[in-house]
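Chain IDs A, B, C, D, E and F follow the sequence of writing; residue 1 opens each chain.
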Amino acid sequence: MKKVVTFGEIMLRLSTERHLRFSQANSFLATYGGSEFNVAVSLSNFKINTEFVTSIPNNELGMRTLEEIRKKNVGSHFIQKQGKRLGVYYLETGAASRGSSVLYDREDSSFTTLKTGTIDWDTIFKNASWFHWSGISPGASEAVANVCLEAVKAAKKRGVKVSCDLNYRSKLWSYGKEPAEIMPELLRYNDLVLGDIDTACLMTGIDKINPDYSNTKALPQVYNYFLKHFPNIEFMATTLRYSVNASHQKIGGIFYDKNKAYIASQREVIPVVDRVGSGDAFMGGLIYGLIAKPYNFQYAIDFAAAACCLKHSISGDYNLVSVSEVENLILGNEAALVAR
Amino acid sequence: MKKVVTFGEIMLRLSTERHLRFSQANSFLATYGGSEFNVAVSLSNFKINTEFVTSIPNNELGMRTLEEIRKKNVGSHFIQKQGKRLGVYYLETGAASRGSSVLYDREDSSFTTLKTGTIDWDTIFKNASWFHWSGISPGASEAVANVCLEAVKAAKKRGVKVSCDLNYRSKLWSYGKEPAEIMPELLRYNDLVLGDIDTACLMTGIDKINPDYSNTKALPQVYNYFLKHFPNIEFMATTLRYSVNASHQKIGGIFYDKNKAYIASQREVIPVVDRVGSGDAFMGGLIYGLIAKPYNFQYAIDFAAAACCLKHSISGDYNLVSVSEVENLILGNEAALVAR
Amino acid sequence: MKKVVTFGEIMLRLSTERHLRFSQANSFLATYGGSEFNVAVSLSNFKINTEFVTSIPNNELGMRTLEEIRKKNVGSHFIQKQGKRLGVYYLETGAASRGSSVLYDREDSSFTTLKTGTIDWDTIFKNASWFHWSGISPGASEAVANVCLEAVKAAKKRGVKVSCDLNYRSKLWSYGKEPAEIMPELLRYNDLVLGDIDTACLMTGIDKINPDYSNTKALPQVYNYFLKHFPNIEFMATTLRYSVNASHQKIGGIFYDKNKAYIASQREVIPVVDRVGSGDAFMGGLIYGLIAKPYNFQYAIDFAAAACCLKHSISGDYNLVSVSEVENLILGNEAALVAR
Amino acid sequence: MKKVVTFGEIMLRLSTERHLRFSQANSFLATYGGSEFNVAVSLSNFKINTEFVTSIPNNELGMRTLEEIRKKNVGSHFIQKQGKRLGVYYLETGAASRGSSVLYDREDSSFTTLKTGTIDWDTIFKNASWFHWSGISPGASEAVANVCLEAVKAAKKRGVKVSCDLNYRSKLWSYGKEPAEIMPELLRYNDLVLGDIDTACLMTGIDKINPDYSNTKALPQVYNYFLKHFPNIEFMATTLRYSVNASHQKIGGIFYDKNKAYIASQREVIPVVDRVGSGDAFMGGLIYGLIAKPYNFQYAIDFAAAACCLKHSISGDYNLVSVSEVENLILGNEAALVAR
Amino acid sequence: MKKVVTFGEIMLRLSTERHLRFSQANSFLATYGGSEFNVAVSLSNFKINTEFVTSIPNNELGMRTLEEIRKKNVGSHFIQKQGKRLGVYYLETGAASRGSSVLYDREDSSFTTLKTGTIDWDTIFKNASWFHWSGISPGASEAVANVCLEAVKAAKKRGVKVSCDLNYRSKLWSYGKEPAEIMPELLRYNDLVLGDIDTACLMTGIDKINPDYSNTKALPQVYNYFLKHFPNIEFMATTLRYSVNASHQKIGGIFYDKNKAYIASQREVIPVVDRVGSGDAFMGGLIYGLIAKPYNFQYAIDFAAAACCLKHSISGDYNLVSVSEVENLILGNEAALVAR
Amino acid sequence: MKKVVTFGEIMLRLSTERHLRFSQANSFLATYGGSEFNVAVSLSNFKINTEFVTSIPNNELGMRTLEEIRKKNVGSHFIQKQGKRLGVYYLETGAASRGSSVLYDREDSSFTTLKTGTIDWDTIFKNASWFHWSGISPGASEAVANVCLEAVKAAKKRGVKVSCDLNYRSKLWSYGKEPAEIMPELLRYNDLVLGDIDTACLMTGIDKINPDYSNTKALPQVYNYFLKHFPNIEFMATTLRYSVNASHQKIGGIFYDKNKAYIASQREVIPVVDRVGSGDAFMGGLIYGLIAKPYNFQYAIDFAAAACCLKHSISGDYNLVSVSEVENLILGNEAALVAR
């Protein structure tokens, strides 16, 4: 089976326990994650071969990160060891009316100092069928934006499918370029884009519109408004999330193949154990669905939404569910019994 | 006051913390439980004298188990010390759409190697008014199935009331006999059986039916369909559970005295702290109700359902509530205030 | 900016972890709190200058308490160091149908042995604009009831606004006096009283009535029934709490200025992380609102209710939220996103 | 086998974790102990029947205490349930040059309010061969001093052997009587006294001497100096402890039968896990030795010293070792191997 | 670089925290280890390519084990997934005079049901230079003893060096064969044997002798006494361990090349954090030394003893140190400074 | 009383629990510390008024740091809030032969971007009698080196005593300047310098010598060798530390007044709970001694060494002992008893 390659930053995540606020914390749980790594772990759990490309510092925290990658059976053969520090983010987990809060400490991380010409993309893509990246990386530094361009071009050259999760982060993009100066060029090499239309417009400089995602019939028009600028993009997908509060979410999804909008209807999620990485769980589910049952787009979007839903019950950045667990949820078997 | 005797296996329970999946666990909480022990603890908390009969290995874990039994003021005078190991079960506690999962490691446990002729049932039942066992025990090994028969016969001979929770476990019954080969004979010595009609049919080899428990008027007919095969059984009871998801349950109950179906209407339980042992809490509540207010069947079923409901808020296998806490819930006083 | 002074007892709180019952606890989380200290911390977080007056023993637990007070940037210049012990309360945190439970061990605490003439109220109130106390203090001991009287008189003399949270505690008032013998005199020096009308009647010996708080039009009449006995009281406020169960609350509030009842409508709170101190969060929010935007009573009651709501997501006795977090919740932005 | 009865206070012990100071603690480990209960647990572990007499309050902490007593298989049939609160002590565990520190909060505890005439000593001593108490109890309150007298007299009347651990606590004896006013009368009913000669003199008002315990030959004279005042006392014993620092102790013992001093030579203990209760472990070992091998005084003192030594490796107040573990240490088998 | 292959069982280890006894444990730390896996991890940390051959059950605990193997960068390509359960061992960590205690629950584990003919040893050894096994495996079951024979023969056939740690475990060898019936045949295919002469005699049925390891000059004669029965064995090595108590060890080693005894002198280890697996750390160090600097036997034994010494400071079964950390200790740089 | 002012960086410290290596950590204990802050806390515990000058970022971690400073009753009125991040250091706590290890992540911290002209030194020193800084600060950035110069000059101008702990950190000084280019100028304004002569030479560019500190008679000559370059320095002091291993230290000290060397002889410290910050505890003790008993240099050095010794028993960066605890240790009262 050919591999799915993902590229992005992996960070140390320091999260407070028991919904404590930062000001109350006398300890932090230490886990590791990052949007594109999370996608790779999802796929690895679904028994897809994966390769994760990133950069880590050559110190104890870098080596601990490498152990985490290996542990989840994600390929680590092309990981760069350079730079000064591992990016860190602190997470305060909210509850009820109090939202979660993230404090980034990722500037000057090993990943942000990656340079073009150092990663052997051609070898990486030899046995690959899919390449996934996200809008976080080009927001990290101009150097990484250039590596992204290098990567998507190399992928396209090898005939590898390319997907992007737009993942706009307002706290990034601080190096002097706007997303709209960088993303359009990168998106020209993509086959699948995940993100709502608002974000897509924001990151590409197209005039913003506010679509009503519940009006299914109008959706093709909405997506086409954006896609006319990117004729290369074959598919778009959007997580349908309604946040009642930090502990109560509703999760569904839309997949658009330029012809029809496939809908996964919203499912209640309460309580939320950990919502960080739920978008990545959606993305991982979507890629899996498209690979496992090509052209069965309803399966793909159902799988993505159900995987995303399950992620909310799992601590840490990445999803830890099997294909059968996701499929059981699609069938409506909502944890009715204790398996014994 | 005469004692309630229960018989069954007690195991070490190793559960993950904070809803972690097995793959994330670096530690396990260690508690002790088992269906029939849980019933005994419920009763002990309700100030009923109890005696728990089981077998434990003569090693540190066996002795630790004995301490747990003593701590809960449950009689331990007839516990056998033999066999090689204590049964263990691992519990992954689910949340929202992800169900809890149990991994049994109970084969060849001390309990499964119990032999007939070793337990002095006659002495045990001298001061007893009630004997409770469950369908787990005869599913553990043929030897234990024989001990069950020995026990129910001895109980009947002494005029002790006998109750059974059918408790079908698909992962047991692996020693070459089907439940229908074993259970009918055992049930001939019972006065009260807990379990839904489906399970009752499955375990006795009677053709399965799918009753609609909400159709109260039709319930006598449904129970009679089963009870005509077991004229000795005086009472049947069923937990009315609707699982919205792993964190959200609705709990009620039915009690049938061959004449009338007494209903405890469903109560919302959200969030679920720990649902393992909630059926045992129901059973313990039912026995208590029948002993405390004989022939007030509405009280008994209300008490059982409310006790079961409260159990969902308590970590560990067994219920830890008092009579007044259960009665307050029946009265509708749902934790509205902090008692201070 | 002039200070808000609060006076009351601060205790060591020993709470069980993970919703454990007292009988299951092998450890306790140790935090510090008390109704009037909690109000001071709320205000300190809102950037109001505060001074907390209390008494602590001159031992390690007293010194630890002092560190907690300093840490929250609450003034501690007038704290008495005398008496034998720090008051303690044990907290069992409930869930779903099982309510939380408090076990007080506060008799003969340092605070209860405070004497009149030892606190220099005149100096304390020199730079103060507001004094807050609660009905807990006069219930602790007759000596403290006398100190309360000393305080409210001194405050009035200095033209300082005085507020009281009635906070009836049935487990106090054990020194031989009824609230109605003590509270009326104390309330004559108050401008603002927090508490429902039932409690207000109970603590002042006025015949009890059961108002329907949802009938807004009738509310002035209800409040006036009580206020005719206390013409000095300018404002009354009430938390509108509906407890579905221990994990599910609905929180709103009413503010009455003797002319109009200002309503903050109820907001769902589920799940409850910790409800102890939520009334103090309400009080802290109310005082803040009245100071920050004088005469904008709608703002004050909205702020109080939203602060109270957020407190339910925070472990420990006191609220830990900023003005902008409260205002965001008023605007309806209910933790929809992870801030990143 | 006849029972050993012990009488004294059992308290909740709240100890800091990881050698933290009180000022650093955000949680406390919660265990239960008290000198005379600790002796009973030691004996219960040595398979001696025991009965522990005390008083606990009728609240959740009292009931939790009762569970602890039952768990250790110590008899609890004569425990009084009365009074207001459970005594508490806070423990800061030292290390190296920093000693451990205890903060008592035991005033007005249930035990201190025990009254004469409420405990049925005659029934208690019917099946008893030994009664153990300590100098802590008469130091707690005058009422309890009277109960002690009642107890030792009843024991003597029944021909039960009586032992006392002098256990001088400077923070007790605060009710207006000096030990020398109370202890001599109590000691007239004793057969065995544990304590060094200094303490013995201090508690009985005899002029203090400073014996050199290493001068074995002179020891009979030293003990006789004291014993001439108490001709009833048959045996005296002393723990030989040399504290290098909080983590490093040397432990031996002396037993004197009015004829000869039997010595257990000092053994190194490093590191100390928990030294609280090590004297009680010595006492429990001594009573065991005297019961198991009457008149083999060398065995008794060796057993006492080795049990005391092992206690230093065990968290919590009471010792948790078996006869064979103690005997192995006497034989010199100092944990050389991992048993597997 | 050619691989080092190790073969043996990996178990779940459940250890008590904070030196607690089994009877005190309310939770267990969960790690994974086994003698031969521990050797592989040591080597992997020293940057040697490794492959670990074992059998795990196809359940959640088996998969968790696999993640642990991958995480430590140990090859897992030939691991069998079959059988019913993962072996478990419980560890009570001693301190001072109280030794650690192991409770095995490994009967009928997946590993014990391995069968000959299922592992493709020929492929495994194609790129291997070294094969390590231990006396634990043939003690587990007769089936595994046969697999061991299959393995050592295949290794010899491919010219792979074979080492064995005798690792006598009295709690194994329960299937009806004595070590002396099994081990001699297996040892005929070995180049290096680790173990003291006593154990070597015991496991091979040779008359036992009690050598004085401090008499260096006599050592060749001692080893030759044993080796004359096994002319194929080129090297023998022995850990020189003196256990002062559970927290205090002295660690050195001997290596004998049939010509000369190379000695690593004893080094103090105090306190011991975790001594389980320290023999495996010695073995891993020895293999590393022999591979890294062939024929520099002094280096090898120094490296083995220093690695073993460091292991005592590390929690869990396997060593976690780098080549430079071991070499620094050899040079005498004993953690004198905090590296910063 | 006039204040002692200290200036330096305070960092978040993330340390592994239970001696775990970084690669094993799934959580970190979060405390706060820094050399000069640690000195201030020591002094605050000794009841000296203190003011700590530093810079923290205006985010949640910065505010948490501020709470820590307030909690310890250290003045925080001149703390700058600017810059991007709080410096962090990770601590792996060693044991026995394995040393502790620090991983700095402090580049670009708020403190390193402090600028001259922003701190109002003149106001700060108005009520100050002492100023303490260390060689860490000028090693952090050239900007901070300039602030140091600004500070020592302002202190001298105000007649404030100035002390410096040389604190050489090889991982700092990475901005292009050597210590010898910076430190000599800074030291010209100092009265007291703490550090061994080697370090003093290294940091000032003077030819290194290796003094034998045990040769007391030769010490004046050794110190004079260095001091002839810095005639302004009145006093030098050195911690006499001998590291047996990470768990075993010997601690003493030397104080030189240009006339006589005052010696505190070495005291054993075993086991070490936490040695980070022990030098700061020495410094804090020394300043205290010089202030409390001016010109009693023996007292000062004894106090410094004993405080340092006690610090090894305390978790976290800063010392938490009282004057009486230090003085008791000087008197030789080494934790012989449990205070009760």
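Just so we're on the same page, a residue touches a chain if its C-beta (ideal position, glycine included) is under 8 Å from a C-beta of that chain, and two chains touch if they have at least 3 such contacts.
Keep in mind that this is a model prediction, so the values were computed, not measured.
Under the touch definition stated at the top, chain C and chain E share these contacting partners: A, B, D, F.
For the two copies, chain A and chain D, the CA superposition rotation is 180 degrees, given to the nearest 5. Note on chain placement: the centre of chain B and the centre of chain C lie 45 Å apart, centres being C-alpha means. Those residues of chain C in touch with two or more other chains are numbered 23, 26, 67, 101, 270-271. Counting only pairs that meet the touch rule, the chains in contact are A-B, A-C, A-E, A-F, B-C, B-D, B-E, C-D, C-F, D-E, D-F, E-F.
Against chain D, the residues of chain C that register as touching in their complex are 14, 22-23, 25-31, 59-61, 63-64, 67, 84-85, 88, 90, 92, 101, 103, 105, 107-108. Interface residues of chain E facing chain A in the complex, by the touch rule stated above, are 67-68, 70-73. By the touch rule above, chain C contacts chain A in their complex via residues 17, 267-273, 306, 309-310, 312-316, 320-321, 325, 329, 334-340. Residue ranges of chain F in contact with chain E, taken from their complex: 18-21, 23-24, 89, 94-102, 104, 169-171, 243-248, 270-271, 275-276.
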